[in-house]
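Both complexes below contain subunit A, partnered by subunit B and then by subunit C.
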Partner chain A sequence: MKAGPGLVLVTMAFFLLCGLHLTAGARFSAPALVFDALFDHDPRNYQHVVVIKQRLTRLVVAGYVGAVLAVSGLLLQKILRNDLVSPSTLGINSGAVAFVIFGIYLFGLNGAALFWPALIGGFAAVAVAFLAAGLVSRGRRDPLSLILGGAMTATLFSSATTFVISLDPDRFGNLMGWLVGDIGNFDYLPLAWLWPVGVTGIGFALVLCRQIDLLTLGTEQAATLGADPRLVRAGTLALAIPLAISAVCVVGPIGFVGLVAPHITRLLIGETGRPALGFCTLCGAVIVIAADIAARTLLAPQLLQVGTVMALCGGIAFLVIVVATLRRRAA
Partner chain B sequence: MRRQFTLRLGSAIHLPIDLRPALVLAALSILLCISTLHALQLGSTALSMDDVIRWLMPWQDADAETSAIMLLRWPRVTVAILAGAMIATSGYLLQVVSRNGLADPGLLGISQGGMAAVVIGAAVFGLPPAWLAWASLAGGFATALIVMTLAWRLSSSTGLILVGLAVGIVLGAAIEIIMVRGGILQFARWLAWSHGSLTSVSAGNAGMVALWAAVLLPLSLIASGQMMPLLLGHEQAAGIGASPRRLSLLLTLMAAALVAPIVAAVGPISFLGLIAGHIARALVGERPVAVMPVAMLCGALILQIADTVGRTLFLPVIVPAGILVSIAGVLAFLIAARLSRSSR
Partner chain C sequence: MKAGVENAQTVLTLEDVTFGYGGNAVLDTISLAFRSGEFVAIVGPNGCGKSTLLKIMAGLLSPGHGAIKLDDRPVSSFSRKNLARHMAMLAQSNEAPAGMVVCDLVGMGRFAHEGWLSRGTARDIAHIDAAMQTMAVTDLADRRVGELSGGQLQRCRMAMALAQDANILLLDEPTNHLDLKHQYALLETARMQAATGRAVIAVLHDLTHASLFADRIILMDGGKVLADGAPADVLTPENIAAVYGIVTVAKTFGRAIVHLPESAVE
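After this line comes the complex of A and B, so read on.
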């Protein structure tokens, strides 16, 4: 598929799902009502308040999280030249969660201050994952061992998280939704000051797109073509990790968007160029919005967690990708 | 060079005994006895060693206070030993069947399969506790078959583990959907259980685990005599007259059965089978007959020590044994992955 039609297609899907997200829910709202609520808002009309305060805020959060995680995953997959990496499979999510929990438990941090321990946790997790992968692969570059290292990192950090929570479960009572990755009704509050991270990150990614694309050719080729591989790799990591962390800070660890969205992008329009980046951004948003619709309506009136829905679908996708990768190598 | 000595009973029966495994087994048994005594003695109220020994002697009656404390402590200690031995056995069986030194019931998703079956059985169908171990067996065996089929013929040792981890993630999400419905207290308890915790073990659990262990541990020791051909690979094994396919299936079923009661009572304890298998092979070489009992004792010893350390070292905080084992296990896994031959 060419980039143009692909972009049009994903944009249409995006707006369609946005509309569906606003109308669907525990109680169906007619499109006319949603339209009224958006453009002729009446604060005394309860249904208008529901559409704006509960659905629109959720929609914005879901879209932001999906977009940011997808871009983070695409950047990581490009610079590491490994199509199994993503913020969750590298252990970035678990590292951030562990450090946030430490921050709350040891220093009583809250609100905006939690971004910093999460960021440290993300970088620490990547470092540990690379160290572990180096141990496993004995210097040979094997894409699977990086994922294995990431999985081990995630286990390590989630054990630590569990330990700290079991010390004082009551204190983390209101964090349960965040721990499994859920979009709550008040998640738009942290987003209000975190959105610049996402916007600058995606902006920089668009600007640096050409250099990052060069790196997908391999280190030597990139160096010949005038990019400094080390600098680009470090710079991209410094972009991708804060992007993922800003999503984790808002909704908790939502996995596999960063894995699946780049794969869809690659299948449909290829992975290089700015249109691919834009496609991937929208694709991530579409995935999380769809997951949120599913979470709200599958067992309605009961709510499911977006993180759980994503883990269920994304885990299956991960399984398929792993098996496909292995088959390709065995053949 | 293997040093042997032959036990001669009369003129007809000569039993050749390898010196090295025998010595290792003896040393591990002594260590296990010592650690068990300490596990019974230590706790939030430490007892004196005399009291413990007097309580253990059936012909002397212990004082009431000791008996009361022991009533709480012995099921936990028993389950720690049996669970350790059973998980280690299961891990070693899987390592032989998949010919992959990194296999472990927790890493291949078998424990998660069992957990999912337990949670769904208990929460959705309201199964009585006695049936949970059977549900766990069914779930674990089904998962084992799925993982092994998916990773079939993918000559990569990390591939099997990644497939197992992916299946584990899907099952974990399914469990999460059900477990999130309670409050944070239940969620915290679930988190502890999902890493394996011996805190809530009762005498009933101990009895159930002991019953399964009494059947399965001797069976696996008998099976270890038949496992040697599998180490050669399927073609060679078939070539020398073994039937590898049937044997593999049987051993996988046994591996799932070994973890089933543990998952129902304690939760999955990942990495234990991996660590125990590796230590055992480092100690006595590759022969399954020798490795199996040594792995059992290693597993029992590790879980026993992890549990005792977890509940005594950081008092008043009690660290679930599973967390200690996972943290130690991640490090052991990385070392094991580095040491294991990459060609497998």
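After this line comes the complex of A and C, so read on.
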């Protein structure tokens, strides 16, 4: 597929799902009612309030989280030249969660201030994952060893999280939804602080896109074409990690969007150029919005956790991708 | 003075370049000068340091000792982008994302000439089209890298390096992955590039290819330059025996020098 039609298609899918998201729920709202709630809002009409306060806010959160995780995953996959990495498979999500829990337990942090320990946790996780992968692969470049390192890192930080929570379970009782990754009705509050991270991150990613594309040809080729590989790689990591962290701070560790969205992008329009980045952004938003619709309607009126829905679908997708990678390598 | 005339055309010089990992010297006090308009082949056995030498010239590795100068300025003082306007390189590893479209791949060669906003100018497009025509990959423009054979990809990557329009062209085993027809076509292209006034420096495996196409051959062994000069002066049975440890008989066909093992000829 060419980039142009691909972008049109994903934009249409995005608006379609946005519409579906606002109408679907425990109780179906007619499109006319949604339209009124948006453009002729009556604060005394309970159904209008539901559409705005419970659905539109969730829609914005789902769209934001999907978009930034997808871009983070695409950037990581491109600079590491490894189709299996993503914020979740590298352990970034788990690292951020662990450091947030430390921040709460040790320093009593809350709200937007938790972005900082989460960010440190994200960078720490990447460092640990690289270290572990280096020990496993002993210098050979092997896509699976980095994922193994990431899995070890995730396990390590998750155990640390569980340990700290076990020291004072009551204090973390209201965080259970966040710990598995869920969109709550008040998640738009931290997003009001954090959205600039996503907007500037994606903006810089668009600016750096050309250099990052060069890096996909290998370090030496990129350097002789005129890019500075170390600078580009460091800069891209400095974009990809905060992007993912800003999502984790809002909804907790929602996995696999950052893995699957880049794959869909690559399959449909390739990974090169700014159109692919735009496609991936919208594709990530579409995935999480769809997951949120599923979470709210599958067992309605009971709500599922978006993180659980994503983990179920994404886990299967991850398996398929790993098997495809192994097949390709065997061929 | 003859040396003065030669110096006027010299574009790249290496002065006493030494490079090593740990205690092992990979390159040992190498001094060379490259002039525009010549096609130089660097040959030697595996591990003799020829690829390392090319990477040192491209500024990918820093020498432990010595200096590399481009137009009398140290290579290390150039930014990567500025250096790429003077020097293009076809690296040995041919990795490229499977989803990348060929015309985008070739277009990567223009990066060094692009500004933040000025991309895909008429000049860029002219260079990309010309490079694709030269490497006979125009028909592949809309194909994805994953659909190409190894040889097709190698030709597209060569087109990318040509699109860079640099005065110095470094080629690291450029005939890898190519079948016979395209090996000769690529080497012919390299010679044509030198004929238009560029300095073309290629690491080659095949001595016959080197003798057939290069103006000058540098024979390396154990990190040192053993011989440097016209093909007929460098590819002697004595030098081959000294470097490769095999007794050969040299047969010439026009420009080509073919070394055959003595035992097989009798």
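The criterion applied here is as follows: the second predicted complex is superposed on the first by the 331 of 331 C-alpha atoms of A that agree within 3 Å, B and C clash if a C-alpha of one lies under 4 Å from a C-alpha of the other, contacts with A are read in each partner's own complex, and residues count from 1 in each chain.
To be clear about the criterion, contacts are C-beta pairs under 8 Å (C-beta built on N, C-alpha and C of every residue); 3 or more make two chains touch, one makes a residue touch a chain.
Being a predicted model, the structure only gives us computed values, none of them experimental.
Visitor: Just from the overlay, do subunit B and subunit C fit on subunit A, or is there a clash?
Guide: fit
Visitor: Give one of first, second, both or neither to describe whether A:Glu271 is in contact with subunit B, with subunit C, with both, or with none.
Guide: A:Glu271 contacts subunit C only, not subunit B.
Visitor: Is A:Arg210 contacted by the first partner subunit B, the second partner subunit C, both or neither?
Guide: After superposition on chain A, A:Arg210 lies in contact with subunit C alone.
Visitor: Classify the contacts of A:Leu167 with the two partner chains as first (subunit B alone), second (subunit C alone), both, or neither.
Guide: first
Visitor: Count the residues of subunit A touched by subunit B and by subunit C, then name the partner with the higher count.
Guide: Between subunit B and subunit C, B touches the greater number of residues in subunit A.
Visitor: Mind working out whether A:Ala311 is in touch with subunit B, subunit C, both or neither, as first, second, both or neither?
Guide: Only subunit B; A:Ala311 stays clear of subunit C.
Visitor: Looking at the overlay, what does A:Asp36 touch: subunit B (first), subunit C (second), both, or neither?
Guide: Neither partner.
Visitor: Compute the least Cα distance separating subunit B from subunit C in the superposition and give it as a whole number of Å.
Guide: So the smallest C-alpha to C-alpha spacing between these two chains is 22 Å.
Visitor: Enumerate the residues of subunit A that count as touching subunit B in its complex and touching subunit C in the other.
Guide: In subunit A, no position sits in both the subunit B and subunit C interfaces.
Visitor: Under the definition above, what is the set of subunit C residues touching subunit A in their complex?
Guide: For subunit C paired with subunit A, touching residues are 55, 58-60, 79-81, 83-85, 87-89, 91, 93, 95-101, 104-105, 108-109, 111-112, 114, 116, 119, 144, 157, 160, 164, 170.
Visitor: Spell out the residues on subunit A that touch subunit B in their complex, using ranges where they run on.
Guide: 132, 135-136, 138, 140, 142, 144-145, 147-149, 151-152, 155-156, 159-160, 162-163, 165-167, 169-170, 172-176, 179-180, 255, 304-305, 308-309, 311-312, 314-316, 318-319, 322-323, 326-327, 329-330
Visitor: For subunit A, which residues count as touching subunit C in their complex?
Guide: That would be residues 78, 81, 207, 210-211, 213-214, 216-218, 220-221, 223-228, 266-267, 269-273 of subunit A.
Visitor: Could you list, by residue number, the parts of subunit B that touch subunit A in their complex?
Guide: Contact set of subunit B toward subunit A: 150-151, 153-156, 158-159, 161-163, 165-167, 169-170, 172-174, 176-177, 180, 183-185, 187-188, 191-192, 194-195, 270, 317, 319-320, 323, 326-327, 330, 333-335, 337-338, 342.
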